[in-house]
Amino acid sequence: MAKNITVTIKFWKQNGPKEKGHFDTHELKNIPDDTSFLEALDIMNEELIEEGKEPFVFDHDCREGICGMCSLYINGTPHGKTERGATTCQLYMRRFNDGDTITVEPWRSAGFPVIKDCMVDRTAFDKIMQAGGYTTVRTGQPQDANAILIPKEDADEAMDCASCIGCGACVAACKNGSAMLFVSSKVSQLALLPQGRVEAARRAKAMVAKMDELGFGNCTNTRACEAVCPKCETIANIARLNREFIKAKLAD
Amino acid sequence: MSKTINSRIPEGPVAEKWTNYKAHQRLVNPKNKLRLDVIVVGTGLAGASAAASLGEMGFNVLNFCIQDSPRRAHSIAAQGGINAAKNYQNDGDSVYRLFYDTVKGGDYRAREANVYRLAEVSNSIIDQCVAQGVPFAREYGGMLANRSFGGAQVSRTFYAKGQTGQQLLLGAYSALSCQVNAGKVKLFTRYEMEDVVIVDGRARGIIAKNLVTGKLERFSANAVVIATGGYGNTYFLSTNAMGCNCTAAVQCYRKGALMANPSYVQIHPTCIPVHGDKQSKLTLMSESLRNDGRIWVPKKLEDAKKLQAGTLQGWEIPEEDRDYYLERRYPAFGNLVPRDVASRAAKERCDKGFGVNNTGLAVFLDFSESINRLGLDAMKQRYGNLFDMYEEITDVYPGDLANEINGVKYYKPMMIYPAIHYTMGGVWVDYELQTSIPGLFAIGECNFSDHGANRLGASALMQGLADGYFVLPYTIQNYLADQAIWPKVSTDLPEFAEAEKGVSAEIDRLMNIKGKRSVDSIHKELGHIMWEYVGMGRTAEGLKTGIQKMRELQKVFDTDLFVPGTKEGLNVELDKAIHLRDFFTMGELVAHDALSRNESCGGHFREEYQTEEGEAKRDDENYFYVGCWEYQGKEKDPELIKEPLEYEAIKVQTRNYKN
Amino acid sequence: MWLINSSIGRKVVMSVTGIALVLFLTFHASMNVVALFSAKGYNMICEFLGANWYAVVATAGLAALVALHFIFAIWLTLQNRKARGSNRYAVTDKPEKVEWASQNMLVLGIIVCLGLCLHLFNFWYNMMFAELVDNNPQAVALAANGAFHIAKTFSSPIFTVLYMVWLCALWLHLNHGIWSSVQTLGWSGKIWFHRWRIIGSIFATIVILMFVAVALAYCFGYRPADFNEVVPACALSSICC
């Protein structure tokens, strides 16, 4: 049975990328603990609107942990703390205690400027993907799907790498603002598959170059990214990217 | 006055229509492609694949999405898989069988020619996706793995863990990214289409709102494609993403595009039940769980009463006191009956008082038998992430051993209940996916498409990608072939100015109501009306009441809405208010269509029309048509136009999942 | 040049210089251990290293490695701070997985550098530039007497404590640095990651323990049997006082 708790939400308000932000607080009374955290924020917004105030702005969409839209830094952890990887939308109020103050901040990284409150601009990720996160194939008549045999282990591992949802928690958690886990997951997925091998060298170079150009930091192997990744991507991917990149550069 | 509709189905036997069409359609020469612009609204499976394919062919594509990135579109949330008639499993599958199953699953309300084409191109989709690097599940030999899915007797579903939609969308997104890099597609993220601009009777552009700056912007092109998804969020609580809306589609409807079969709304049987009135989103549990899970409620009403009161737990009820009602009613298909059948059966049990949670609106999905037979590890391998997700949400782990009665081990069951999931109805399109407005195309869930009255599992992904990769890129050329001779349309034309003025006036109207009610509070009420009167079991009386109540609520919306903030800059509440305005239009339309269709078929169930056993009773004599609706103005009833269905390859029968 | 222009390239420079320095430390530690068994032997090594042109070249190379490692570290840190942006989180919660050392490599590196300065002053400077330090012929004669310098340095408890702090920082630095350098070179994966961490830890511990053993042994008065043959009894007392 759900029990009700009362919590104080301390949330970040900021009007634009250049504006100065500040914290506002709001007390949420008697929230059933089987409410999801985002639903609690919905309730808070309803209350704010009732008071004639502007609601707290944050990104969210599918609320099933797959679209990667949600991006809240909750009590010092991207997406909030759960035992296994989960996104903000999969965080439930039962994780908090009666009387807690919950601090909600945006992803803070130069690569992700704030649009408003906790909504940040992650188009940098799209730009990295556009630089090379694909196999160049034409829509039309490729060979039969079973013409390329792929060992199950490789396919499974590629699938794990491909699970990245592009939420940016890795960048948010990294003290260096590095996007290596994101980039390496894509590079790994395609590097593991024969379809992607053809362009592997070109892809690694192009994506890393774009990542650097956009001002993301250098990876110093702190592992903060993999600790907070909601999809449990690992730094084995980063090692693979390093390998692919160094190989590509040495071959030049 | 009786209007007629031309669905432009090509000549010839059903199996040859698409080949014939492609052989004879007009093409655009490469030079002219460079001079033609196409607007694609939406970046889901259909939108992204269409934009990528069109860009690659040489057209200049302007692609819009409301999220911060194309990869966020809600196609990403599809879990189960994608169908294709590859027959890799040697179980007798074929294009014809996929076609037949889809038509039958759709309760014989789909357009035969479209469905055949869908089945025909399904194989190419898999080839295309594999070439893109989509990591489908594989067997040890390196070949693609398949599973059977929701109501199919063959294993034709390709899957990538429980994240097939994600992987397919990321495939389409990568193709799109490639074209953005090549400069052929221009991407506009955090933009929302607010209106379609019609010049000389043809769709020539759109008015879009930059959601960050709040400014309205004009875009012109030679053709407009909308791929903006369904209208499931009309019901407030659904498995759709929070941002899903039908504004683009409804705006096209207001501008003259017909809306077809809106009453065909799919209710998914395996969602996590509603837990309170504060909820804003329902979570889907993959249908694949029905492969190994058994659905039941107690046999005895007193047990159900105790479950509802919380004094008894599901695992304390022994085997003999459980009613596996799907297996009982449909011995041949058991727990794998199509979604509409499974959903209605759950509702029927709960209506009779057999619901198993405190709200009385839930049934059990139990894995005890499979765990006992195959072991917990095998179950975890198949459904590990789903079990975890269920635990995260409900605090109950379905693999936890809870009880042992007479040597039989019982594990904690899941609780599920049906929820709005997908809309088969949508913008009417002809065989070429062109709406009734020339130059305006609709693809994916957004159109009324190929699913008839009910969609089979793993068919939505197939349809979205079929439209985007393999159908629209051909058919749109037939339209664009003679468009290159026209000069570029200027966005300074009075038609653009007028459309922008209209949108702007609407925004001002909503901002200036300055009432007391928040958007969500009204939306929630609309959702209740929809679920109550236009939901799973509909009656003529209820539908009339529903329309009445919706109109009353609309008055509240028009007079007592409160949108905080200003129209300049980002204003989430304003955008939600615009969406809600269109949900009202759509909701009423669903009710009208449901009211006019005096039969039960697929996702549309009218309680007056059922067999003695409670099965849907179709009326092929009077309702064998696509119900197309024409907008007549605000607060006026829309007008029904019928597109008769013609079947040549399939004999129309009563659906039977019993034996 | 990709070693300078790309983020991975810059990390490769860190990694390669780091590995080279680890190898040097390994050599240095092994050499130190000799001082536990034979003062004569140790002094022979010292003499050998002081009297060869290639040892001088190697020293210059070593200095270059340290300089590169240091400059790149500062450069990377500045870039990373910029990438991090100017806004800081109000609340942060460090995940268990994240080692403290990994997030403070620069601080540890600076401590290591300061320790290095001290060390260079204590030993290298006194040994190589004895003439400049003190023209006393006795001191010049003792310049290449490594065993004497060890005994002299660690007879001071303050120096011993400072050296211990330095070695602790070095241990933390290596404990993260070794597997991290291999990871940067891409020679890691899901399985090898764990192996490298264990290998790195064990390796770092052994090397540091070798240093610690010599320092503590001399601090607590241990001397190898032939110590008095090499170092005149009066030398320590007269110079120390």
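Think of it as A, B and C in the order they're written, each chain with its own count starting at 1.
Assume a residue touches a chain if its C-beta (ideal position, glycine included) is under 8 Å from a C-beta of that chain, and two chains touch if they have at least 3 such contacts.
What you see is a predicted model; the values in this text were computed from it and never measured.
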Of A-C and A-B, pair with higher C-beta contact tally: A-B
Distance-to-centre winner among chains (Cα means, whole assembly as reference): A
Length of the line joining the C-alpha centres of subunit B and subunit C, rounded to whole Å: 65
Approximate Å spacing (C-alpha centroids) for the pair subunit A, subunit B: 26
Whole-Å separation of chain centres (CA-atom averages), subunit A against subunit C: 39
Multi-partner residues of subunit A (each touching 2 or more other chains): none
Subunit B - residues contacting subunit A, complex: 49, 52-53, 56, 67-74, 76-77, 86, 88, 124, 126-144, 160-161, 163, 165-167, 170, 173-175, 177-178, 180-181, 187, 189, 212, 239, 241-243, 275-276, 278-281, 283-284, 310, 388-389, 392-395, 469-470, 473, 518, 520-521, 562, 564-565, 569-570, 572-573
Touching residues on subunit C, where the partner in the complex is subunit A: 2, 5-12, 76, 79-80, 82-99, 102-103, 105, 176, 179-180, 183-190, 193
Residue ranges of subunit A in contact with subunit B within the complex: 1-2, 31-32, 34-36, 38-39, 42-43, 46, 49-50, 52-55, 57, 59-69, 82, 84, 86, 90, 92, 94, 115-116, 119, 121-123, 125-126, 129-146, 148-152, 155-156, 158-159, 162-163, 165-166, 189-190, 193, 195-196
Interfacial residue positions of subunit A with respect to subunit C in the complex: 21, 23, 73, 75-77, 81, 103, 105, 108-111, 173-178, 180, 208-209, 211-212, 215-224, 226-228, 234-236, 238-247, 249, 252
